[in-house]
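Listed after this line are the structures, all set down as structure tokens.
Consider the two complexes below, in which chain A is the common component and chain B and chain C are the respective partners.
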Partner chain A sequence: MSVRGRREHLAGWSFVTPAVILIAVFGLVPVGWSLVLSIQHNDLLTPPSWVGLANYRALTHDPVFRSAVWHTVVYTGLFVPVSIVAALAVAVALNRRIRLIRLYRTAVFVPVVFSTVATAITFNWLLEPDYGLVNYGLERLGLPAQGFFRDPNQALLAIVAMTIWGWLGFDVIIYLAALQAVPRELLEAAAIDGAGRLTILRRIVVPLLGPATLFLVVWSTINALQLFDEVYVATRGGPLHATTVIVYYLFDQAFRLFNGGYAAAIAYSLFVAILALTGIQLWIGSRRVHYGSS
Partner chain B sequence: MSGPLVQQAPAGRRPPDPAGARRPTDLGTRRRRRLPFSPWHLVLAPTAAVMLLPLVWVVITSIQRPTDALQFPPVLVPHTFHWQNYPDAWRAAPFGDWFVNSAVVASAAVLGNLTVGALAGYAFARIRFLGRGALFIVLLATLMVPQQLLIIPTFIIVRLLGLVDTLPALALPNLVTPFSIFLFRQFFRTLPVDLEDAARIDGASRLKVLTRIVAPLSTPVLATVAVITFLWSWNDFLWPLIVISTDSHMTLQLGLSSFQGAHSTQWTLLMAGTVMTQVPVLALFFLCQRWFVQSVVLSGLK
Partner chain C sequence: MRPMRIAAAAVLLSLVAAAGCSSGGKQQNATATPGQPAKVVLWHGYTDAEAKAINSLVRQFNASHRDVQVTAQFQGNNDYALQKVLTALAGGKYPDIAYLYGSNAAQIARSPKVVRLTDWVNGGGLPWNDFWPGERAAATVNGQIVGVPALVDNLALVYNKKLFDRAHLPYPTPNWTWDDFRNAARTLTDPSRKQFGWAYVADGGEDTVWRYEAMLWQAGGDILTPDNREPAFNSAAGLKALTLLHDMATVDHSIYLDNGNGNYLGLFDAGKIGMLWTGPWDLADIRDHKVDYGVEILPGDQNHQTISGPDNWVVLDNGKARAEGAKQFLAWLTDPKQLVTWGMATGDLPVRASVSKLPEYAQFVARYPGVGTFTDNLANAQKARPTIANYAKVSEAIGQSVVSVLLGKAQPDAALKTAADQVSSVAGVP
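And now, the complex of A and B:
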């Protein structure tokens, strides 16, 4: 090996070593360790014992876990399509040069930098059943007061609404950037050919936004499946487990009940589900989304 | 400062209209003749109001008298400005400590990602070293791993290091992320290599090339990594919740959550605390809105 070549290897490795150590210790070792934990009975304190697949088997019989999966599926099934369709509508409305447009865009984006904890506290106050602003608004409209986070039938829906508020700006920015890349000539040509506005939107703009939509679907799904902060602060998984989602249950098992092995099995199941779902979405996307050559 | 959220093509670049020709494609202008303003305001103003209302209501509640917050119908316009909630909240919990902790942890994370991340990103982009391809694939694979899979073993590792309930426990796992390395690598690969080659022929070391030639050209990626890391670290909740138990060691978000636990029905106090914890990052957002938006486009936050 030449001196030059050896020096290159040395330089390369000295540049990556700090990162490699950190990522190995905090990003790679834990992945394997979690797998080991998941086949142990491990209370994170006393010496663990090996239990094989017992944790995974127990999961399939655990009614709280099953309801947590169901809540996560419902949450994701509502959050992903509603937030993306709403974001598309808002982005189309924001994609023009009129007065105050900067104010409108900022208003839509500000909640994204508001922390998840602050968002949950804010909505706890807005949706407070007795003194909250939203119930006051409902009363003024002649509608009955609602329980929101205190009502097992509504709590999950309230979480959906709250997280859409917190996340909408993110999706809108992605769509705005994509909309501004739509070639103007294409829209003008379609209009000259007599296409109406809705037709242009449906037949030209939405297909051109395919890559952005695919990214948002994948990204929002991953995030929705990992919902935790807002649930912890707003409802602690209640009332009556109505908002216990998978990661909340994982946290509860690992750090309140100290069932480390069982929690690791939950984490691995979630990881596999995320990988599978992402794979399916990308596969469907690769067949339906067309990346323009422009 | 606060530029438009997403840059638009300058209007001047459109070809001039042929005399008298109507522009049928200017969606939205057709009806403008009947209204004194664009009809889109009718959609956008309510949307903006709905998005801002929660924030406005937080601020209003934070300056109400505690008794006013417990009335129905609510007091929509405060009679007096009860600023006292802010010093009251500040005294009720160690907000000062939380602020310092958050700042220290976020700064460490930003510095770590900018240095360690840039070094690794540069090596992946430019230096041909043994094992580079394999290492990069491993790196991409770790990008896919969700935080929840890591936290239990990471907690055990942090406990083995004797760092539970300390600030280093918060900073260490986030000192460099695969995503930062990936962003740096992608950016460095777009830079022309000639300048670097010239400097290398003149005998400059790799490190000198990186700090003297590449870094000054890399403001966009440095800013993006800084913003993403800062926001992630500043707003992170799950990891601090697991690893920190002492009040004075908490970060702002964890502290705010524990403050809520202690004062769950004292809404004026709670809203003052919420405002105090969110103002720093909101101020930063308004100061460098352009970088924030660019970072969002490049990635995903939160």
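And now, the complex of A and C:
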């Protein structure tokens, strides 16, 4: 390497050093530390003791953890497909030149800018069973009032609806950008060959959106598996643990009951699950998604 | 040469940043040297009127005490004070005095850094018997005093006079029974107006639990056995209390179930809820909304016990000089003279009984209508929640049972049994 090359190499590293230190200290160290924590009995207060895999074994017998896993799976299974399909529909609708299109696009994105806490507080009142606007509307239409966050059978669905509303705009923006990258000549060629709008959408647009869809599936799945804020604010995991998802349960164990080791074991189990799931998604994606239109 | 110089600058910058962090910490942890005043750092979660009051009292103390200088620091919301103090303890840089909820006393007391105050108090450092019984119990863990009472409150019956008048109901009296209460709640309930007689926080948290615990005590029951090792709430008294909640929620439908977001207060202010079991902290908001309200002690069964939620100033060990300074400040802060100033500024109840003998106390009661009833009600706070480190787990079990009954998902006896089984497995663990 020339002197000049070496100097530039050194300069490059010097510039990233602060960021690397930050990531190491606030990212990698905690990741390693929580692995250590997960094989300890640690109440974050008194000296810890080593317990090997006891925390992980306890997880397998914990009915609340099992239900938290189930709630997380149900949530993810609903949130990811519904939000992506809805986002595609909205993005297609917004991908045209009509009056006030900027206004519509902004409106769709606004909920993403809202803090999740504000979203949850707003929905807490909208879906309030006795005084909320939604039940008022239902009653005016002659439909029965619903329990929403108060009903253990509906609370998780209400969280799904609320978070889809909150995050839809993000997916829409990604799809809009991808839609505008679809080459016009392909669409025109298909139209000349006699393809209808639905056929064009299904056979040309959706496949070309593959990379965006793959990104959204991976990203939304990771986010859904780590759901916390909205649950914390809207329901605190209730009623009767009906919305206790994995990360909420982790928080509860770590910071209310001070079972630090147990909480770390939950975190690690989730980490491994997300890693595996993302790996599978990317592997499927690599076979099904093709990049570039050339 | 250019890249080299920038590289050096970048490395230097990160070094300075790192050094800056560590030197700031050292300064805070330095112990007092002879001739220098002991520097005492106090963490609190006060805002608005209370923040002004604590800062003003600290200034007053610092001006009159040369040997101890206190710095009051806002730590954010008190709900997570324990988590923040634990983090600070783990990091090795912590305040000398921290405001902590009474329900956290047993947890924080497990830390060896918590200064035990028993000898100081017994040696005349604080007139301990002038503090309310509930406060003393909440500051004592395994016979050791681990905190100085910082705040005391209790639950009383706060009611909307207008709703009572409209229903032609007489106002609550100190002799109200559970039946009187239940009947009034039913009469005040009017589905056509979306009006409820009572509100209950049904999130399963401590807010759910402590109201039930007051009822349990009123019926003559207890939470745990005297040795704190076994559940005692699955008794006839426990069943009676839970059955009252069950009947009011699922038969009369006279309870508005709050999901823990505090909706009940706005609804009370709006005249949608007739009665609350709440503490003095809600009075300011109710008064601001011009509600014509009254305060009465809780209705009763065997007795009219209430539950108090005392909070503590906990002293943490940063060396002898600073700990002594912290004690000196706390003794001054809880002197009746300062307490009445504090009460006038904030509306908080006096943490010591003798405050009510001061001439200024009459002004305090006149300034905050209803607060006198809350102060008198402290005499009804005869029991305290068990100060055991596992109380959070006991609370969790009771909370879920109460919610399952309120939502009509379980019968009182079955719910109590479930909770008792869960508590049996955790309460005995020291």
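By our rule, the second predicted complex is superposed on the first by the 276 of 294 C-alpha atoms of A that agree within 3 Å, B and C clash if a C-alpha of one lies under 4 Å from a C-alpha of the other, contacts with A are read in each partner's own complex, and residues count from 1 in each chain.
The rule is short, and it goes like this: a residue touches a chain if its C-beta (ideal position, glycine included) is under 8 Å from a C-beta of that chain, and two chains touch if they have at least 3 such contacts.
Given the structure is predicted, the values throughout are model-derived calculations rather than measurements.
Considered on the superposed chain A, chain B and chain C are sterically incompatible, since they clash. Using the contact criterion defined above for the overlaid structures, shared-chain residue A:Asp193 touches neither chain B nor chain C, since it reaches no partner.
In the superposition on chain A, A:Ile173 contacts chain B only, with no contact to chain C. Of the two partner chains, chain B and chain C are each touched by A:Glu8. In the superposition on chain A, contact is made by A:Val31 with chain B only, not with chain C. After overlaying the two complexes on the shared chain, residue contacts for A:Pro18 are found with chain B and with chain C alike.
Contacts of A:Pro111 after superposition: chain B is touched, whereas chain C is not reached. Look at A:Ile121: by the touch rule set out above, it reaches both chain B and chain C.
With both complexes superposed, B is the one of chain B and chain C in contact with more chain A residues.
Once both structures are laid onto chain A, the chain B stretch out of 189-197, 261-269 or 279-287 that overlaps chain C is 261-269.
Shared interface residues of chain A, touching chain B in one complex and chain C in the other, are 8, 10-11, 13, 15, 18, 44, 121, 124-125, 128, 130-131, 233, 255. Here chain A touches chain B in the complex through residues 8-13, 15-16, 18-20, 22-23, 25-31, 33-34, 37, 44, 90, 93-94, 96-118, 121-126, 128, 130-133, 136, 139, 165-170, 173-174, 176-177, 180, 184, 187-188, 191-192, 197, 200, 219, 222-223, 226, 228-229, 232-233, 247, 250-251, 254-255, 260, 263-264, 267-268, 270-271, 274-275, 278, going by the rule given at the top. Of all the residues in chain C, the ones that touch chain A in their complex are 3-4, 6-8, 10-11, 13-14, 17, 80, 83, 86, 89-90, 107-108, 110-111, 194, 196, 202-205, 256-257, 259-261, 263, 267, 272, 392-393, 396, 400, 403-404, 407, 409. Within the complex formed with chain A, the residues of chain B that make contact are 2, 4-9, 11, 24-25, 27-28, 37-38, 40-41, 43-45, 47-49, 51-55, 57-58, 61, 69-74, 112, 116-117, 119-120, 122-124, 127-130, 132, 135, 138-139, 142, 144-157, 172-173, 175-176, 178, 181, 205-206, 231, 234-235, 237-238, 241-242, 252-254, 256-257, 260, 267, 270-271, 274, 277-278, 281-282, 285, 289, 292-293, 296-297, 300-302. Here chain A touches chain C in the complex through residues 7-8, 10-11, 13-15, 17-18, 21, 43-46, 121, 124-125, 128, 130-131, 149-150, 152, 233-236, 238-241, 255-258, going by the rule given at the top.
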